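Several structures are given next for inspection.
The same subunit A turns up in both complexes below, where it pairs with subunit B and then with subunit C.
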Partner chain A sequence: MKKAMTLALGILTSVGGFFDVGNIATTAQAGASFRFQLIWSLLLATLLVIFLVEMSGRFAAVSGKALPDAIREHFGFTFWLVPFAVLTLIHLLTLGAEIGGMCFALHLVTGIPVWVWAPVVAILTWLFLWRSTFSTIENSTSLLGLLTLAFVVAALLHHPPTGEVVAGMLPSLPHHDPEKYWFIAVSILGAVIAPYLFYFYSSGAVEDDWDPSYIAVNRGVALIGMGFGSVISLGAIVVAAMVLAPRGIEVSDYHQAALMLTDAFPFWGFALFAAAMGIACLGAALEVALSMAYTTAQTFGWNWGEDLNPREDARFCLVYTGAILLSALLIMFGVDPLKLTLLTMAINAAALPFVVIPFLLLMNDGKLLREHKNGWLSNAVILFIVILSFVLAVVSIPLAIRGGS
Partner chain B sequence: MGTIAAIAAAAVLFLSCQQQTPEQELIRKTDAVGPWLAALQMAGEKWTVNSVPATFVHTSVDAAQKAFTKAARETGRSDARTDLRDHLGRLIAGGQAESARLRRAVAAQDRRAAVPAIRGLAALHADFEALSKAFEEPSQ
Partner chain C sequence: MELVRDVLDKQLIDREGTKMGRADGVVLEIRPDGPPRVDSLTLGFTVLASRLHPRFGDWFARVRARWSVRKSGRYRVPWSVVEEVRQHDIQLAVRALDTPAFDWERWLRRHVIEHLPGASK
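This part shows the complex of A and B:
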């Protein structure tokens, strides 16, 4: 019964927590500029993230260890330093993007400049982390995040052309702006396969005391939760394709994306968009700040755990405090939230090999995982991810300079 | 995997080999203008039916004005043909004027006064689209 509850809650929180600022920015751009043509990149990214999340949960359930902890112990501190440095950069940039998203949501409804909201949002995020337990954070923001299902409802209300949507599921070459097309494709991959996500997931599984009996639950959460979560992103692409694209509105600023839901919900659409954006970004900001604290504490062998009293893991709390402060400063100093988001997604994509390769090596360790080590299918998918990551790393930078400008 | 590598290689090759005329380059550098004209038109329409608050129109106009100013600067610097630069310059100035007009109508809560500004933005957007199409890069 407890496991069934865990599965149900896990699926709900995965669905609610799937959508974040990177997904909002990239799916709105994809739909507005290329209608349904980039759905394939979302599907590919979803498939890969299901595998990664399943593996990180399986690893934590079997070994009782989170990924950074295990990689450091297994391969040594020096080996782990490069992935750790890359993860730290990604955490800070992603946290900045999420804080920027929350600030923008508040800017949309109040008109008060984005940078003014940065300290308020930073304090709110910090207070939430300081006062809450892991399960409160995991469940409350993710359940509120179900508000993002508004994109799915809106997509259905627009009655999109089924043939075109299905055609978009297969990769195709763009009819215009090829550099922009590939940049958005890369950004979608970077947004969905966020490296912090599977590192955070393994720490969360340890916080929730998973053991090998949770492997089936983990599989269900990864497959159903992430699968349905991506339906929200698909909904956002469809809405942008049905509302923004026919009007010639491309998204170079969140103001343009904010109009997406106003056709489907004339009176609530604008408020729904702002609320969905704010809540999705709050949930993701909490996860990213925690993930950074987990990774750092596990790297240096400090006490860690969101359920501990801050007195018992002061350095863990200090890390998320510093991370929130630094990331909020980016927004306070006037960095454009959308540009920061897109840059971060490109860097996410470029960074994947650094964080996936140690993970792959660990997942094939028979001593550690016994009969639960990776099978050929998992290995093939991971190998695919590593090659794809390398290609993305080479392509995403020039595309970011040219297409994302 | 081979397909992905081939696509990526083609994309990199495309980026490194592509040559643009000064006209195409100017169109690319000012391509934010059209979407902003369309977005302001939609924001204005939605405001007239109470779908978005007045503050949203104000902040959208402010953001659009920044994009228009940047586009005007790019147009001034460009080596493109004079007729294109003049045409773009007129469109950008029109966008600045119509968006300011929309802002004034919204500030005064005057829905009737917003209508001509919205129409003006729509006309400018159509003009911009036609101009972009005339100079767009050949498809790959």
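This part shows the complex of A and C:
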């Protein structure tokens, strides 16, 4: 009974927590500029993220260890230093993008400039972490995040052409702007397969005291939660394709993305978009900041845990405090939230080999995981998508920067 | 027991179950009349820095000496207080708060955390 509850709650929180600033930005751009043509990259990314989240939960359930902790223990500090540095960079950039998303949502409702909101949003995010426990954060913001299902409802209300949607599920070459096409494809991969996500997931499983009896629950949460979560992103691509593309609106600013829900919900489309974006970004910001603190504390062996009082793990709290401060500064000094988001998502994709390969090595350690170690199929799928994402990212990032997008 | 596989980089746990750092370094004692013996574990950023490169370690130690709240860059845990080496951690017979391993933690608690509202959940 308790397991059934855990499963249901896990699925709901994964669906609610799936959609964040990276997904908003990349799906809006994909639909607006290439209609349904980039759906394949979302499917590919979803497949990989299901595998990675399942592995991460299985690892924590069997070994009782979170990833950063286990990688340093197993491969040593010198080996872990590069993935750790890459993760730190990604955490800070992603946190900046999520804070920017919240600031934009508030700007949309109030008209007050984005950068002015940065300190307010930073303090709000920090207060949540300072005062809450892990399960409060996990359950409250993720459940509220179900509001992002509005994109699925809107997509259905628009009656999209089924044939074209299905055709988009297979990769095809672009008819125009190839640099932009590949850059968005890479950004979608990086937004869905955000490295913080599966690193965070393993620490969360340790916080929730998972043991090997959670392996089945974990598989269900990963498959159903992530699977349905990506339906929201699919909905957003469809909405952008139906609303923005016919009007020739290309998303070069979040204001244009904010038009997405106004056709389906004429009166409150704007407010709904702002609320969905604000909540999705708050939930993600809390997870990213926590993930950064988990990773750092485990790397150096400090006491860690969101359920402890701040005076029991002062250094853990210092890390998330510092991370929020630094990331909010990016937005306060006027970095464009959309550009920051797209660049961060592309960097996510380029970073995948650095953060996935150590993890994959651990998953194949029979001494540690016994009969629960990876099979050849998971290994093959993961290696294939990781290498593909990396190659696409390394080729498309310089092209996109040169093309000025 | 293999030192690099079973001891180095492992999580250290104190008497009260608190995570008190990792085995950043292992110090061996070379004895003229017998095989080398484990003398102690060492902890600290300086130890980690010198694992990357000895020169980097020296540089880090100099910077640290100017700014750190900790008196010494390397905290030595004598092997005699090691109670048990388990699969995923090492049990020590000391209290983390009484050791230099928690210099920063103590400093932060006293000078920052205690001054902020709502520090207990």
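Here is the rule we use: the second predicted complex is superposed on the first by the 396 of 405 C-alpha atoms of A that agree within 3 Å, B and C clash if a C-alpha of one lies under 4 Å from a C-alpha of the other, contacts with A are read in each partner's own complex, and residues count from 1 in each chain.
Simple rule for what comes next: contacts are C-beta pairs under 8 Å (C-beta built on N, C-alpha and C of every residue); 3 or more make two chains touch, one makes a residue touch a chain.
Just so it is clear, the structure is predicted and the values come from calculations on it, not from any experiment.
Of the two partner chains placed by the overlay, only subunit C lies in contact with A:E73; subunit B stays clear of it. In the overlay built on the shared chain, the residue A:S63 is in contact with subunit C alone; subunit B does not reach it. By the touch criterion defined above, A:P310 reaches subunit C but does not reach subunit B.
One of subunit B and subunit C touches more residues of subunit A, and that partner is B. With both structures placed on the common chain, the touch criterion links A:G111 to subunit B but leaves subunit C unconnected.
Looking at the shared chain after the overlay, A:A258 reaches subunit B, while subunit C stays out of its contact range. By the document's definition of touching, of the two partners only subunit C reaches A:L81; subunit B does not.
By the touch criterion stated above, A:H159 is placed in contact with neither subunit B nor subunit C.
The touching residues of subunit A, when paired with subunit C in their complex, are 63-65, 69, 72-73, 76-78, 81, 130-133, 300-304, 307, 309-311, 314-315, 317-318.
Residues 1, 3-5, 7-8, 11-12, 14-15, 31-32, 34-36, 38-39, 41-43, 46, 49-53, 55-56, 58-60, 63, 67, 125, 129, 136, 139-140 of subunit B are the ones that touch subunit A when the two sit in their complex.
Considering their complex, residues 32, 107-111, 171, 173-176, 178-179, 182, 247-253, 255-256, 258-259, 262, 266-267, 269-270, 384, 387-388, 391-392, 394-395, 398-399, 402 of subunit A touch subunit B.
Within the complex formed with subunit A, the residues of subunit C that make contact are 4, 8-12, 18-22, 24, 48, 51-52, 88, 104-105, 108-109, 112-114, 116, 118-121.
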